[in-house]
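In order of appearance the chains are A, B, C and D, and numbering begins at 1 in each one.
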Amino acid sequence: MIIVMKSQATEKQITDVINWIESVGYKAHPSSGVERTIIGAVGDNRDKAVLKYAESLPGVEKTMPILKPYKLASRESHQGDTIIPVGNLRIGGPEFIVMAGPCAIESEEQLLESAYIVKKGGGHMLRGGAFKPRTSPYSFQGMEEEGLKLLDAARKKTELPTVTEVVSPADVDLVESYADMLQIGARNVQNFALLKKVGQARKPVLLKRGMMTTIEELLMSAEYILSSGNPNVILCERGIRTFETATRNTLDISAVPVLKNLTHLPVVVDPSHAAGNYKYVIPLARAAVAVGADGIIVEVHPEPEKAVSDGAQSLKPEKYYQLMDDIRALAGALRSKAV
Amino acid sequence: MIIVMKSQATEKQITDVINWIESVGYKAHPSSGVERTIIGAVGDNRDKAVLKYAESLPGVEKTMPILKPYKLASRESHQGDTIIPVGNLRIGGPEFIVMAGPCAIESEEQLLESAYIVKKGGGHMLRGGAFKPRTSPYSFQGMEEEGLKLLDAARKKTELPTVTEVVSPADVDLVESYADMLQIGARNVQNFALLKKVGQARKPVLLKRGMMTTIEELLMSAEYILSSGNPNVILCERGIRTFETATRNTLDISAVPVLKNLTHLPVVVDPSHAAGNYKYVIPLARAAVAVGADGIIVEVHPEPEKAVSDGAQSLKPEKYYQLMDDIRALAGALRSKAV
Amino acid sequence: MIIVMKSQATEKQITDVINWIESVGYKAHPSSGVERTIIGAVGDNRDKAVLKYAESLPGVEKTMPILKPYKLASRESHQGDTIIPVGNLRIGGPEFIVMAGPCAIESEEQLLESAYIVKKGGGHMLRGGAFKPRTSPYSFQGMEEEGLKLLDAARKKTELPTVTEVVSPADVDLVESYADMLQIGARNVQNFALLKKVGQARKPVLLKRGMMTTIEELLMSAEYILSSGNPNVILCERGIRTFETATRNTLDISAVPVLKNLTHLPVVVDPSHAAGNYKYVIPLARAAVAVGADGIIVEVHPEPEKAVSDGAQSLKPEKYYQLMDDIRALAGALRSKAV
Amino acid sequence: MIIVMKSQATEKQITDVINWIESVGYKAHPSSGVERTIIGAVGDNRDKAVLKYAESLPGVEKTMPILKPYKLASRESHQGDTIIPVGNLRIGGPEFIVMAGPCAIESEEQLLESAYIVKKGGGHMLRGGAFKPRTSPYSFQGMEEEGLKLLDAARKKTELPTVTEVVSPADVDLVESYADMLQIGARNVQNFALLKKVGQARKPVLLKRGMMTTIEELLMSAEYILSSGNPNVILCERGIRTFETATRNTLDISAVPVLKNLTHLPVVVDPSHAAGNYKYVIPLARAAVAVGADGIIVEVHPEPEKAVSDGAQSLKPEKYYQLMDDIRALAGALRSKAV
C-alpha cells in the first residue's frame, strides 16, 4: 500500500502517519519527491483493509494498493495454464469447448431433443438449468431435482458431460450428485456462503462474472473457491451492465485477454446472455474464438418460440449448426498462430 | 406488452405475429399508424417473459413492456405509506430514523461503547455486523453467533433495537432469534433463496439495493420477500457502481423520490457505504434528510483508526453528534413542508 | 508517477526501467518491498503522458499517477474559496444562488413572463438558451442572435443578470456581448477549442460536467479555461450517465462535497437535467442546498405544456415558488452550521 | 409515441390527454387493456420532444417512443450497404480495411517511417493526428497545419490515402484541403456545430462513437452529417466508459452487429483506444474481423517508447505485421461465410 501525502503536509503529519502504520503492524518506507512525500506500507498480511483508514489521517491525500489481493488465482503464483478435466474433455487446452443447450430444463422431450442437437453439431457439453434464479418471483423457478434427473438421463444417452446452476448452499451436494460441472450464476458471484460451499465440492465450477463485477472482484470470487479447496474453476465473461441498452448487457470481450494475462484459469464466453437476442449470438461467439477464449456456453433450443425463458436469445438448431461451422473455420485459421 | 412491427412488415408477417400471440395465451390488439403497425398483447399473466420471444419473429422491430412487473410493492396496489413498527419505533412515519453503529462487531467493549454513543447522540437503532460478506476470503468474516450475543446484550443495556446482516438461508432463524431487523446486503439483493427465506421470517427486513441493481429490480427483490409472506420491508439506497471513482460508489439520491413515487415501502439511505470516506458522510446524510428519505443507516465507531473494516468511512463520536445536530435542524425546517 | 514491477521482475528489467525513466527526463527512485520493487519517477513536468509507456516495458506490472493533473483549479494552489462577482451577485459566497428560467428562449412574451416569475420567486439570475445543442438535427435549434436580444431586453426590464449557452468558438464574442455569464453545456465539456476561446472571454463561465465526465476530467476542463486567462469558472453537476433509467441521468450529489474538497471554484447543481421530470426537481434541489452547493440552475416555464424543449422537466410557477420557500427554510436551518 | 395511463386513471384524465395530444398537432389512438389504457400519438413530425411533456399530465404513467429518431442513417430508408470510395479503396465492401499509423504526427521522419511500415504490412490507409484533443491543456496539442503538410507528403510518397482529425469548425476547410478523410473524435461526437460543418465537406467522415454515447445517439450524430449534405459517413466503435478499469475503455464489440442491423453505413473498430495497452490490441483487432466489422483503425509507431502520446497502446512494427497476418488468416476463413 502506498500512502500519498498532501503537498502541504507538515513534518509532524508525516511522522504521525509513519507511527500509525507501524502501530498496525506494517513497516513504513517514506520517500520525498519534488512536490510531496509518499510512504510505502510493507507487510506480509494480504488483508490491507485496515490500511485504508490512513485516508482519514491529517495530511494524507489518498492511499493506493500495490499488491493484487488474490494469490491462488494469479498467474504470478501459477505460471502455466490450468487445464481442467471434465470426463474426457480438457478445458483450457488447445481445443475450443462448446457448452450448449436450453436455458431451462422444461421436459424430458425438450431436453433430450436439445442434447441430440448439441451432439450432432459437435458441441462438447450439455447445459440446462434446473434451479433458475429469476428476477420475478412469479416467473418459472425451474424443475429442481426432477430437472437434474432429466439432465442425468440425457447425459447417459448422449455421453455429453453436463453443467447446471446451483443457487443455494443447501443444494450443492444434490446438484453435485447429478452434474459434471457446477455453475455459479452472475447474480451469485459474490454470494460468499455459496462460493465457500462449492469450494468444498469435488466437481469443477463454472464461475460467471456478475454484470457489475470488476475483473479483480471476479478473481477474488475465484479465490474464495480455490482457497476453500477446489482447484478447478473456469471463469465466464457474460456481459456487464453499462448505459447501452441496445443489447441486454455489454459483452466485455477485452476481459478475455486481460484475464489470460492475470490468471492461469480457463476463460469462456457466454454470448447468449450478453446479447439477449439470437441475432447477435453468432457474431459474438465468433469474436470469442478470435479473441482467444477457451470456449463458449450458448443457449440452443429446439423450439425457441415455446421456451419458458430466454427464447429470444436461444439459437434454433440450424443457426447452431452454422455457428459450429464458423467456429471450426476460425479455430482452424488460428491454429498456427501465437495467441 | 406492445410489439412494434418494422415499417416494411408485410400483412402476412403481421398476421403471423397476431396468431403467435394468441397461441401463447394472450389477446392481440393491432393498431396501424402512419408508418407502422403496433400490436398490444393483453393478458392476465404477470410473467411476460415468453412474449419477449416476439423479437425473433419476422417483421418485428422490438417489444416494449407496459405493466410494472411488481405488484405487492407498488403504490398502485397500496396507496398509503407503509409504516413499519420496530419495538416502539415507527419507520416510514413522520420521524426521521437514524440507525448507527460499527460496520463489524469486534468485541464486547467496542460494541457497547458504540451503542452508548449512538444513544447519547439521539440515534434510534443500533447496527453492527456479525456475519460479514467480504470481497476477500482472507479478510475478517465476522464474529458470527458470538457477535449476535454481544448485539443482544447491547440492546438490553441501551434499549436500542438492533439491525444486523444475514448472508445465508441457513442462518436466518439464528439471526432472527437475536436481532430486531434483518439486513440483506447489497451483494445478496438478488440471492433469491435468501430473499424467500427472510420472506418467511417475522422480523422486518432492511433490503439494500445492490450496486448493480436498477430501481425496478430492487422492487422485484422486495416483491420476493412480500410474496413470501413478510409485509415489512424497508428499502435502502447505498450507492450504485458507475464510472466515477472519486467516491466508493455513486449515491443515487434521486432513487429516494423515485421510490417514494413507485412504492409504499419506507426508504432509507446509507451514506457511509456510498461515500467510502467519512469526510463526505455528513453532507450526504443531510442530503438524505432534505430529499425526503425516512432515515439513514450510518457507520459510527469509537476508534475508526482501529476498526477491522470500513474504518475510513466511519464517523468518530464528535462527528456523529454534529451529524445528529444537522439532522435535527434540517428535519425541523422541513416539518411543515409538503414533501 | 509510480511504476510497480512484477514480483518476478529481474534485476536487469529493473535497471532497464530506471534507465528508461532517466532517458525521458525524470529521476528514478526505486524502493524494494517484501514482494516487489516499485520505482518513483520524479520530475517537474506536469504532462506525464509519456511515462505511461512504461507499462509496455518488460517486467512492469502497472503505472500509477501520484500528482493531480490540474494545478490552477486545485485547492492546493488556492486554499480559500473563489467568489465570483456577476453584477451585484457573489457566487461562491454565503448566499445560495438560484439561476432559473426556460430551457429555450421561444418568444419575447415567454421569456419576459418567465423572467418576472423568476424575479417574483426570489431567484437571482435568468437562464435561457438561444443556441440549443439538440441530439436530433430535426429538433428546434434555438433563436440564436434574436434570442440573445430578447434575453438582453429581459435583463433590462427585471435587472436579473443572465446566463446562456455558447456552442461554437465562432459565437463566443457574440454571446459575450449580450450575456452576463457564458454556459458550456455537458456535451461540450471536452470541446477544447471552445474551452480555450471562453478562456479568453471576460465574462464568467458556467462549466457543466458531461454525463460521462469524471470529476478529475471536469477539473481538467476548468484548467483549460483558467490557463487561457479567465479565472472565473463555476462548476455545475448535472447528472451522469449510469445504468439506471428511472431518471434521465443520475445526479451525482456526492460530487459537490468532493469538488469542494479538491477545488476552490464554486459548485452549483442542475436538478432539472439530472431528473428529466419535474416531479423530482424539488427534492433534488433541496438536497443540493443540504449537501453544501453554492446554488442551483433550474428550468422554470410559464406553460411547460407548450414548451418546445424540456417541458417535462420544467417547473410551473407555483412549483417554483414552493421550491424557493423550501430553499429559504433549509438555508436558514444550515446558516450557523459548519459545512 | 405511446402514452401509458396509470391503472387508476379516470375517464376525464384520459380525455384530457387525448385533447392535449390533438392540441399539439398529433392524432390520438386510445386502446383499453385489462389493467389500463394506452394512447398512441400519431403524426408526421419526427421531433417528438414536445410529446414527452405528457409525462407531466395527471393520470399518465410514462411515455414510450416508437419511431427511430434517425431516418437517413437507418437501414429502413436504405436497405443495401453503403460503400464509400476513398481513392481506389472501397470501405464497406468485401475487403477488410486497415487504417494504421501514429497517434500524433511528431516529425517528418517519424511519420514517413510509420507510413512505410503501414504500407509494407499491407495496411490500406495512413492515420496521424495534426490537431490533438488532449484532456490536459499542458499536453502536446499537435503540429497543426505543419502536421497536415507532412501527412500530405507521406501520402504522395506511399500512395496511402490519409485520415486525420478535425476539432473545430474553423479548421474543416483547411483539413479537407490536405486529407482524404476527416475524423471526428470521440469527445466531439455531439459537437453539433462541427458535425454540421463536416456535413458540408466533400470528403468522407470517420465518426467515432463517444465514450458516453449510445448507439442511437451515434446514429443521430451521423444523421446531422447526412442531413447537412454529406452522404459518406463511416462509424467507428472505440470503447465506451464503464465501471471496469482494467482496460482504458470497454470495447463494445456487440455494437458492430447491432449497427449492421440498424444502419447501412460502414462500421470500423478502433482497438487501440479501447484497450489503452498494446498487449490487448491484437486480440481485439481479431475479434473485430470475426464479429463482422468493415475494418479497423489502429495505432502503429516505429518507436512507441518515444511517442509523445499513446505510446503504451501503439504497436511496434513487428507486432503490426503479426496482426496483419492474423487478419488475413481470419478474413480468409470467413470469406465463404454468410456474415
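Convention: a residue touches a chain if its C-beta (ideal position, glycine included) is under 8 Å from a C-beta of that chain, and two chains touch if they have at least 3 such contacts.
Everything quoted here is computed from the prediction, not taken from an experiment.
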Steps needed, at minimum, to go from chain B to chain D via contacts: 1
Which of A-C and A-D has more C-beta contact pairs: A-D
Centroid spacing, where centroids are CA-atom means, of chain C and chain D in whole angstrom: 26
Whole-Å gap between the CA centroids of chain A and chain D: 30
Length of the line joining the C-alpha centres of chain A and chain C, rounded to whole Å: 38
In chain C, residues with contacts to at least two other chains: 212, 241-243, 245, 279
Chain A to chain B touching residues, read off their complex: 20, 24, 46-47, 49-50, 52-57, 69-70, 133-140, 167-170, 187-188, 190-193, 196, 210-212, 217, 220, 223-224, 227-228, 241, 277-279, 304-305, 307-312
Chain C residues touching chain B - in the complex, by the definition given at the top: 212, 214-216, 240, 242-247, 250-258, 261, 274-275, 279-280, 283-284, 286-292, 322, 325-326, 329-330, 332-334, 337-339
Contact footprint of chain A on chain C as seen in their complex: 2, 4, 6-8, 29, 31, 33-36, 38, 40, 42-44, 64, 66-67, 76, 241-243, 245
